[in-house]
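Contents: one structure, followed by commentary.
Here the chain labels run A, B and C in written order, and each chain numbers its own residues starting at 1.
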Amino acid sequence: MSTSMLPSRSKTSVLVFLIPPLLLYGVAVLLPILQSLFLSFFDWDGITSLRFVGFDNYARMFVGDDVFWTAFSNSLGYLAICLILQLGGALVVASLLISLRRGREVVKTLYLLPAVISTVAIAFLFQRIYSLEPVGLLNQLLAWVGLEGLQQAWLSDVDTVLAAVSIPEGWRFTGLYMLIIYAALLAVPQELEEAARLDGANWWQVFTKIRFPYIRPVWITTTIMASTYALRGFDIPYLLTNGGPGQASELLTTYMYKTAFTHTDYGYASTISVFIVVECLIAVGLIILLLRRKADA
Amino acid sequence: MTATVLSPASGPSTTPESSRPASPRRRQRLNVHRTLASVVIWLIVVVQVYPLAWLFITSIRTEQDFASGNPFALPTEITFDNYVRAFETGNLGLNILNSLIVTLGSNLLIVLLGMMAAYALQVLGFRLSRFVRALFLIGIIVPVQIALVPLFIDYSSVDLLDTYQSMIIPLAAFSLPMSIYLFSSFYEYIPRETYEAASIDGAGPYRIFGQITFPLSVNTIVTVVLVNSIFIWNDFIFANTFVLSDGLKTIPLGLQNYIGAMGNVDWTATFAAVCVTITPLLLVFLVLNKAMIYGLESGATKG
Amino acid sequence: MTHIRIRAAAVAAAASVALVLSGCSGGAPAATGEIDPEGEIQPREISWLLSRPADGGVITAMQQIADEYAEEHPGFSLNLITTPDRPSYIQKYETLAAANKLPELFDTDATPFAKKLADQGRMIDAEALLKDLDLYDDYRPAALNYQRFDDGSLYMIPFEFQLEFFWYNTALFEEAGVEVPESLDDFPAMCEALRASGVTPIALDGQDQWPLERYMAYHPFRTAGPEYVQELKRGDAAFADPDGEAAVEWLHSLGEAGCFAEGFSSTGYADAQALFTSGKAAVYNIGTWELANLATENLDAGVRDDIDYFTLPMTPDAVTAENEYVTPSGIGMAVSAKTFDPLVRDFLAFALERYPEVYATTGALSPTSNVETTIPDNATPLYQRAVEQADGVGEKIAMPWDTQLDPASNTRLQQELTLLVQGEITPDEFIETMDATIARNGPAAFE
């Protein structure tokens, strides 16, 4: 990959194209990460002077903070639900869409609609959907199909709230990922598929042997995108439940944000940030490893 | 389009007494499959579209109807008072303008710098490109929240707080990696021969970028702009942290004007405002969407 | 190549250190805190960073007053920067303070964070200023006391005065055969009776956290007085103490008696109020800022005439008086010492003198006792009664705990309270968690 696609190019030309993006990126992304790493070794409330505490913040995070671990496992649950909805949903819908004869453009446009609505509005919408008093949409639907017994305040129950806050986030961007995957599926040569079908391959075989390998590069990118967006998920849990009831829907990001901006504990918040960065790096590493290995197999 | 591509396969089935008995059955199964797919697809469409319809319907409800009635039923009476209140309380025009400036500014940076970096990484290539790629990957991965405190401190020391740049810089920077990856994966598909041919004609890396890579990128640009606009248009966190004056407030901040004492919210007015504020994005989206579909289809047939 | 990379990283790290350090060293106050600075009044634009409703009474009144002042002082203008959403506001104000960029005027409660700012000399002594302007005695003592830090010092100026009542529906009470509770301990029985008659006993906005936290404050305020929370937040008192334990048990019993609607923790402000104003809930605990929505002809006739209120009930052996309950004067306005100059002083002298009169015409209670509140035309008689109640308020205030505890303990308390009332945790678990949390965060925050 490090070899040039051009027969000739100068070192200067590489720098001309590379320096401006790196500069912007370095200032706004890399530098703050370094600053966070630096701050994670300090105790700082923003107004009094920094106090060096060594690894105290890390010790506190791993040993002395039950909320941190709750938030961590919630984040993983949130990730799982978002991935199932966004990637699973997107792939299914994109595949179905390929076989649709008419109205594809309309469908694509309509699927993307939730993504343009601001999270504030989405949060309130889902508050209404989940609500018990006044009876929300979900509980109304349950009543219509005769399942009154299942009616409950979905956002107040510690057992259901995590799923309840994950679903809007998953739902919101399904259309986006669907579009990306759909574009990749379109590029799959029809002749190959047709040939396979004529050879007697069923739908599933066509999918796994031809379509999926063809879209694998896009699939990896999409998986990384969806995972990292889910791991940095914030708005909807924050607006919908603010992590509650208790810490049942607290994510690492909302916990970090609260620690920084509500508790003004910037040092400890930076420590959580560093953890999130490491966690995300590991997650992406795993994704690449797993998907690449499958490709080799 | 699909129909024409598929026509050779379905051709023999026009004669019912075909010599290949498998064909009608397959066609039937295909039709059942298609119908089922359509049903599922349109069902999901309802799920996807309903919220927007609900938003709009709520925005023309009376406050009393919303508070005491069933918020999912049809409104008992229609009112446009909410829109009047939305415009009186807020500063919607200005908010939209600010969001527009921030979205356009960020997109300009994202597209231009994203193409440049992808060109350097994918087309030009260099020894440390793997390292630079990894560096950019970090940006996809880290949550934007970690930049808030450091950036705030940095901005205040160079006097950038409360400016359009203070929002545009991090929004563009955090979207840059994804845009680089989208451009890179597209550039991967541009055949090496195209470049070789241009090089033989004497074109250097700058001319090739301007005359070949850039024009070919239009569809990807549309995708990148579309995806990022959605995120940037609704960005709350950077605007809330870096913007102080009313004159620079973007839409998500403007929507906060409808919050009253102790957390009380004028929801119907807020939804009216939401309807007004998503309209520009929606229009742009609809226009770009057509361009994108056209681009994708022509790209697919050529590729 | 590698060594260049390392050097670049080192430079970047060093730069980040320098930036972080420059950010926090900005804490040194530039001004002396002099309340009557010498010099000419030079009109310019001054800013007020505030957290109040965009079209609310305070902003409308201050805008009008600023316009009047600008007429006599060309070049002056007051830039009102409001962030009504309180959590967002606190974030903005605290980051501004960290960057040493606080504007001339800014809103804050008497929080530990604000105390640190005051201790660093970054805020003007409001008591000295008000006395120097000869306005101090106009203020209701309760309104000023609400703004004071625990040591009695005053750095924030109040712009409102509110009384928090238990609004209740007389018809629903009659139907259920319950009386207005004499004691807080009567609440569980009251709730059970109301539940039995098929209504939600108490409407509660659980989403915003502070309304439930008020219930935490009530019981100890009666049994131990306002000092309890002041000691608790420092770790000098504990929930395991008899007063604390009684309060926790009381809250637990409210949950068991089904006082709040199922799913209260995801019920928002407007929904909770709608429950009460539509006659579905019997009790609603809210302040006089909602007078215009509760004591108004606009309400549904079936509910309007049944609405009445009672103040915080007593407990047996209560140490605070019946006329002492939650009487907040809203978020206060602090004056930044760094930018305080003759102009800011002169404007404040003009504005604070003029404010009560302008503000009272909006139908709200002034933080001063020298003006009469204008009763709106469509008000029910309840409005007048509530306004008059303000003059009979006692000295001690049941402080909202969210302004008292350090933020980390406060967040945890709000979370655990919901779990306690929902029956997810036992009173003992609650006490153990909260005492440990406060022991970790409290003493450090108030050292």
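Definition applied: a contact is a pair of C-beta atoms (placed from the backbone, for glycine too) under 8 Å apart; a residue touches a chain by one contact, two chains touch by 3 or more.
This is a predicted model, so every value here is computed, not measured.
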{"item": "Chain whose Cα mean lies nearest the overall Cα mean", "value": "A"}
{"item": "Farthest chain relative to subunit B (centres taken as mean CA coordinates)", "value": "C"}
{"item": "Rounded Å distance, subunit B centre to subunit C centre (Cα mean)", "value": "40"}
{"item": "Computed distance of Cα centres, subunit B from subunit A, in Å", "value": "15"}
{"item": "Centre-of-Cα separation between subunit C and subunit A, whole angstrom", "value": "36"}
{"item": "Junction residues of subunit C - those touching two or more other chains", "value": "16, 19-20, 91, 95, 98, 207, 268, 271"}
{"item": "Residues of subunit A engaged with two or more neighbouring chains", "value": "30-31, 35, 39, 134, 261, 266"}
{"item": "Where subunit B touches two or more other chains at once, by residue number", "value": "127, 148-150, 153-154, 267"}
{"item": "Residues of subunit B defined as touching subunit C within the complex", "value": "67-68, 88-90, 127-128, 131, 148-150, 152-154, 156-157, 161, 240-241, 244-246, 256-257, 259-265, 267"}
{"item": "Contacting residues of subunit C [partner subunit A, same complex]", "value": "12-13, 15-17, 19-21, 24-25, 27, 87, 90-91, 94-95, 97-98, 113, 116-117, 120, 200, 206-207, 209, 261-268, 271, 275, 280, 406-408, 411-412, 414-416, 418-419, 422, 424-425"}
{"item": "Touch list for subunit B against partner subunit A, complex", "value": "2-3, 5-6, 8-9, 33-34, 37-38, 40-42, 44-45, 47-49, 51-52, 54-55, 70-72, 109, 113-114, 116-117, 119-127, 129-130, 132, 135-151, 153-154, 169-170, 172-174, 176-178, 180-182, 185, 187-188, 190, 192, 195-196, 199, 204-206, 208-209, 223, 227, 230, 233-234, 236-237, 251-252, 255, 267, 270-271, 274, 277-278, 281-282, 285-286, 289-290, 293, 296-297, 299-300, 303"}
{"item": "Subunit A residues within the subunit B interface of the complex", "value": "1-11, 13-14, 16-18, 20-22, 24-25, 27-33, 35-36, 39, 93, 96-101, 104-105, 107-122, 124-125, 128, 134-137, 140, 171, 174-176, 180, 183, 186-187, 190, 194, 197-198, 203, 217-218, 221, 224-225, 228, 231-232, 234-235, 253, 256-257, 260-261, 266, 269-270, 273, 276-277, 280-281, 283-284"}
{"item": "Residues of subunit C defined as touching subunit B within the complex", "value": "1, 5, 16, 19-20, 22-23, 26, 49, 52-56, 79, 81, 83-86, 88, 91-92, 95-96, 98-101, 205, 207-208, 210, 268-271, 273-274, 278, 287, 289-290"}
